[in-house]
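Letters A, B and C mark the chains in the order given here, with residues in each chain numbered from 1 onward.
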Amino acid sequence: MKTLKPLALAIALATALTACSSSTEEPKADGPVTLKVARDPGLDKGAIAAFDERVAQFEKANPGIDIAPQEYNWTATTFTAQLAGGTLPDVFTVPFTDGRGLIERKQIADISGLVSALPYATKFNENVAKAGQAEDGKMWAVPIAAYGQALHYNRALFKQAGLDPDKPPATWDDVRAAAKQIAEKTGKAGYAQLTTDNTGGWILTTLDYAYGGRTEKIEADKATAELDTPELTSVLQWLKDLRWSDNSMGSNFLYDWGGINQAFASGQVGMYVSGGGNYGSLVTQNALKPADYGVTVLPLAGKPEAGVLGGGTLATVSAKANAAVQAAAVKWIDFFYLNKLTDKDAAALDAKTTAASKQPVGAPQLPVFDRATYDESLGWVKSYVNVPLEQFKPYTDKMFDQQLVTEPVRSTQEVYKLLDPVVQSVLTNKDADIAKLLKNADAEAQALLDRN
Amino acid sequence: MNSRIRGGGLSTLVFLLPLLLVFGIFSWIPIGRAVLMSFQETNLVTPSTFVGLQNFRDVLADPLLWTAIKNTLYFAFLALLFGYPVPLLAAVVMSEVRRFKGLYSALAYLPVVIPPVVAVLLWKFFYDASPSGVFNTILGAVGIGPISWLQDSAIAMPSLVLEATWAAAGGTVIIYLAALTGVSTDLYEAAEIDRASIWRKVWHITLPQLRGILLVTFILQIVGTAQVFLEPFLFTGGGPANSTTTLLLLIYDYAFANSLGGEYGMATALSIMLAVVLGVLSAIYFRVTRGWSKS
Amino acid sequence: MSRGIISPSEWLRPGVRRTTRGVHAVLLVLLFVIGLGPMLWLAKAAITPTQDTLRSPLALWPHGMDWANLATAWTRVEVDKYFLNTVALAAGSWLVQLLVATTAGFALSVLRPRYGKVITGVVLATLFVPSVVLLVPLYLTIVDPPLLKVSLINSFWAVWLPAGANAFNILLVQRFFDNLPREVFEAARVDGAGPFRLFWSVVLPMSRPILGVVSVFAIIAAWKDFLWPMLVLPDPDLQPLSVRLPALQRFVELDVFLAALAISTVIPVVLFAVFQRFFLKTGALQGAVKG
């Protein structure tokens, strides 16, 4: 017996060790896992309550997982520091534009094995799925939301200016005329434009697409910058006219995403272009009055190339996460972001929880999966919808008819970044030379594309 | 003078330990690392590789570098223009105040006490470019404006400097005031025997006597403005149209603003170049202060 | 009897007296407007509804006051939490700086080891290296510090420890210790005091004035710091006011935001009012020592 005891101990230890080491590969093994998940910053109390309620539901269904929410949202200027500093949550979101780069540099975890086991893994909309896939087609990052750009407008300002809020502008000339009328009648900015933190380039590219242009051309393996084009020239000329001939853009020309949302929600801005799914953050982060909100499709030039820039959000898992955390992370992505899009009960539960905390349910989005799943999911949450669907109609009626064009793929954010000063120039310097600005930007962008 | 208290033993090392650890880890090693990194390509994912002078070439080829240098020099120039004569004048006048002198200095120093971030955010609101902005309302009352302040690429930089001057001038005034008390009254009395007027005394005695401290504040201001970050970062983010992108903002952008990995090599290369320039200025400063503190 | 540029006899001339008084009065008014004006406006705006502040920023409460702003700022914006973070950061930096500066000053100026000159030289050399050079490598050091193996990101130590590497403090303290009478040390030594007793019971009590100066510099610097805490404390729960306020601007309504700014201003201003003389004295010193 005496000699056997240490042996038994050793065996027990060894088994325990194997159990431990296998637990890192076998996600089913017990042992509590703490999972840091992203939560939008600046949420109001109700939104935080709704989030916490969802967390409680998840923890109840997954007793081994402990959720720790962390305030996070992606901004171009803070993301690198967080990535380098290792301070990102285990599950975090990035825009479509950064997916490929992060995968190539292996800066996020390869969760493709876990993702392919999800029941709806094959049902992703093909274009959307691409954003989260590596070259070999493995899905490292999960698309959780897709958007097409839209024109948001303030119905109250439309009324004050004598415009019909149910008949929003349908051409860029209409937008200009409406902006002028709003500025003259109300003294507010008729139209405002995002210009900082890379959003200047993002919206400029959006307008370029809507005018029928493209900012890059890819042939074989060579990418060519196409910034010095008639389309972009017209876009900038249009902005210049609004700003300097009509003076209908107000007095602030340095807007980032959060800033323009706040200005719009507080009634300082008549119209602006941004992602079609903005309603949620306008309400939960900026206290927008729902009755004032209007949204419509982007006007498109009468050219076959004219299209709506579309993008989206990927859920990704930190490269530092071990197997257990990765497994928990994919469960969370499934539970929090995707289940509500594919599963009737999950959709209803999510909508119920969200609506109970007076948070918006039913704001329009583009489908992450196929159109049928999307239409079906709208039915599941119908009884909980608490947003003014009527006011979304100008957008929802036409959003599927518009050609969706993905964002540029090479050095996207860097090219956006160098377009920021171009649009800022036009808006803050009366004598800005559009041709020269575009020529320089084109050369700089080409240098960037050649370097990377 | 050779003292019996001379350490070389263990206890001396114990006392030096905090210095060695803190300076070693958070100053000496990072400085060495900065030099090393400026010759390397670092992306924090794969091991660093030496790239020779490539980072320096990249920085020098960046059109934004020249914009940033121009902007930084412009900032320094404006900061001297606004922030140099006014505190001096104020200090000379204040030094003659007989009653409530403390009140004068306290009021002048008050902006220095406000946390700089609060000051910038407050002024950002003051600079609201609409006619109902705070400054535009005030100017509108006398028939000026509205001015676009931060929203105009030509006026943004002066606006930044105006705030920076407001925030810092009080400190300079106090320094001058202290220096003024050091001016020997004998010199004034000697001048009065020659029936010198008050103006002549200021011009021929006070200002020359302040020469040392004037040079010091001059260099301090240059060294400080070369590293200006808070104002452009919070007011304008370098805009509009890069009109307020300063060198430090550019370094920050290289390292931290690109969402797909920082150009740490370029950032350190530029900071090393800036350091060399500032090092020369600091060296001058130390020579001057040494002579000045002895006199 | 102290005098300035204007002699007593000149002061007796009515023309001089009138002009001087006039100039002084104008200056006082200007100083009131420039120094105090913005703060008074902020105090007013803190209790004014958003729309009034936007439409007529200079009017005094056209539609009444809104005291609730302050309470909302304190709770919703959680100014209390960020304020405590600021205090914790300042206190820690202060302690680390005092520890490093006094021990180093004692070792170099009182114990004077043979290699002391070398260390002093290397410390002072860092004065010539502007802080911008350290930005990136120091950040990477915090991410992956030697000896520790644990990232210091999102830890107060990431602010506290680098604050200790301040060569000015060493210079100041060393100069002060150099001027202390060495006879006292010798006497203490004769009485059988070891270096630790000497440090704690003799040198430190004698160096209150310089410790006060170093403290004021340390606390002011910590209070003002923005870029560094922003980089190393990305977790909002740990951020000081200076880092949190700009981020909050996007989510908080203007009146509440201005109330938060006002609250953040009150404490330093009160501190200044109480310790005014000391502030102004060290402020003047800044010209002599800072670079």
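To be clear about the criterion, contacts are C-beta pairs under 8 Å (C-beta built on N, C-alpha and C of every residue); 3 or more make two chains touch, one makes a residue touch a chain.
Here the structure is a predicted model, which means the values were calculated and not measured.
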Query raised in the report: What topology does the chain touch graph have (line, ring, star, complete, other)?
Result: complete
Query - Pair of chains joined by more contacts [C-beta pairs], B-C or A-C - result: B-C
Report summary line: Between chain A and chain C, the Cα-mean centres are separated in Å by 41
Report task. List the centre-to-centre spacing of chain B and chain C in whole Å, with centres computed as mean CA coordinates. Result -> 16
Report summary line: Flagged in chain B as touching 2+ other chains are 44, 133, 255-256, 262
Query - Residue numbers of chain A (touch at least two other chains) - result: 78, 81, 84, 256
Requested in this report: Specify, in ascending order, the residues of chain C that touch 2 or more different other chains.
Outcome: 139-140, 231, 254
Query - chain B contact footprint on chain A (complex, rising order) - result: 74, 76-81, 83-84, 98, 101-102, 105-107, 195-198, 250-254, 256, 413-414, 417, 420-422, 424-425, 427-429, 432, 440, 444
Query raised in the report: Touching chain C in the complex: which residues of chain A?
Result: 41-42, 70-71, 78, 81-82, 84-87, 256, 258-259, 261-262, 266, 285-287
Query - In the complex, chain C residues that touch chain B - result: 2-7, 9-10, 16, 20, 23-24, 27-28, 31-32, 34-36, 38-39, 41-42, 54-58, 96, 99-100, 103-104, 106-108, 110-114, 119, 122-123, 126-141, 145-147, 161-162, 164-165, 170, 182, 185-186, 189, 194-196, 198-199, 223-224, 226-227, 231, 241-243, 245-246, 249, 254, 258, 261, 264-265, 268-269, 271-273, 276, 279-280, 283-288, 290-291
Query raised in the report: Which positions of chain B touch chain A when the two form their complex?
Result: 43-45, 63, 128-130, 133, 146, 148, 150-154, 156, 236-237, 239-243, 255-262
Report summary line: The chain B residues in contact with chain C across the complex are 1, 3-8, 11-12, 15-20, 22-23, 25-31, 33-34, 37, 42, 44, 90, 92-97, 100, 102-119, 121-123, 125-126, 132-134, 137-138, 166, 170-171, 174-175, 177-180, 185, 188-189, 192, 198, 201-202, 205-206, 213, 216-217, 219-220, 223, 226-227, 229-230, 233-234, 248, 251-252, 255-256, 262, 264, 267-268, 271-272, 274-275, 278-279, 282-283, 285-286, 289, 293
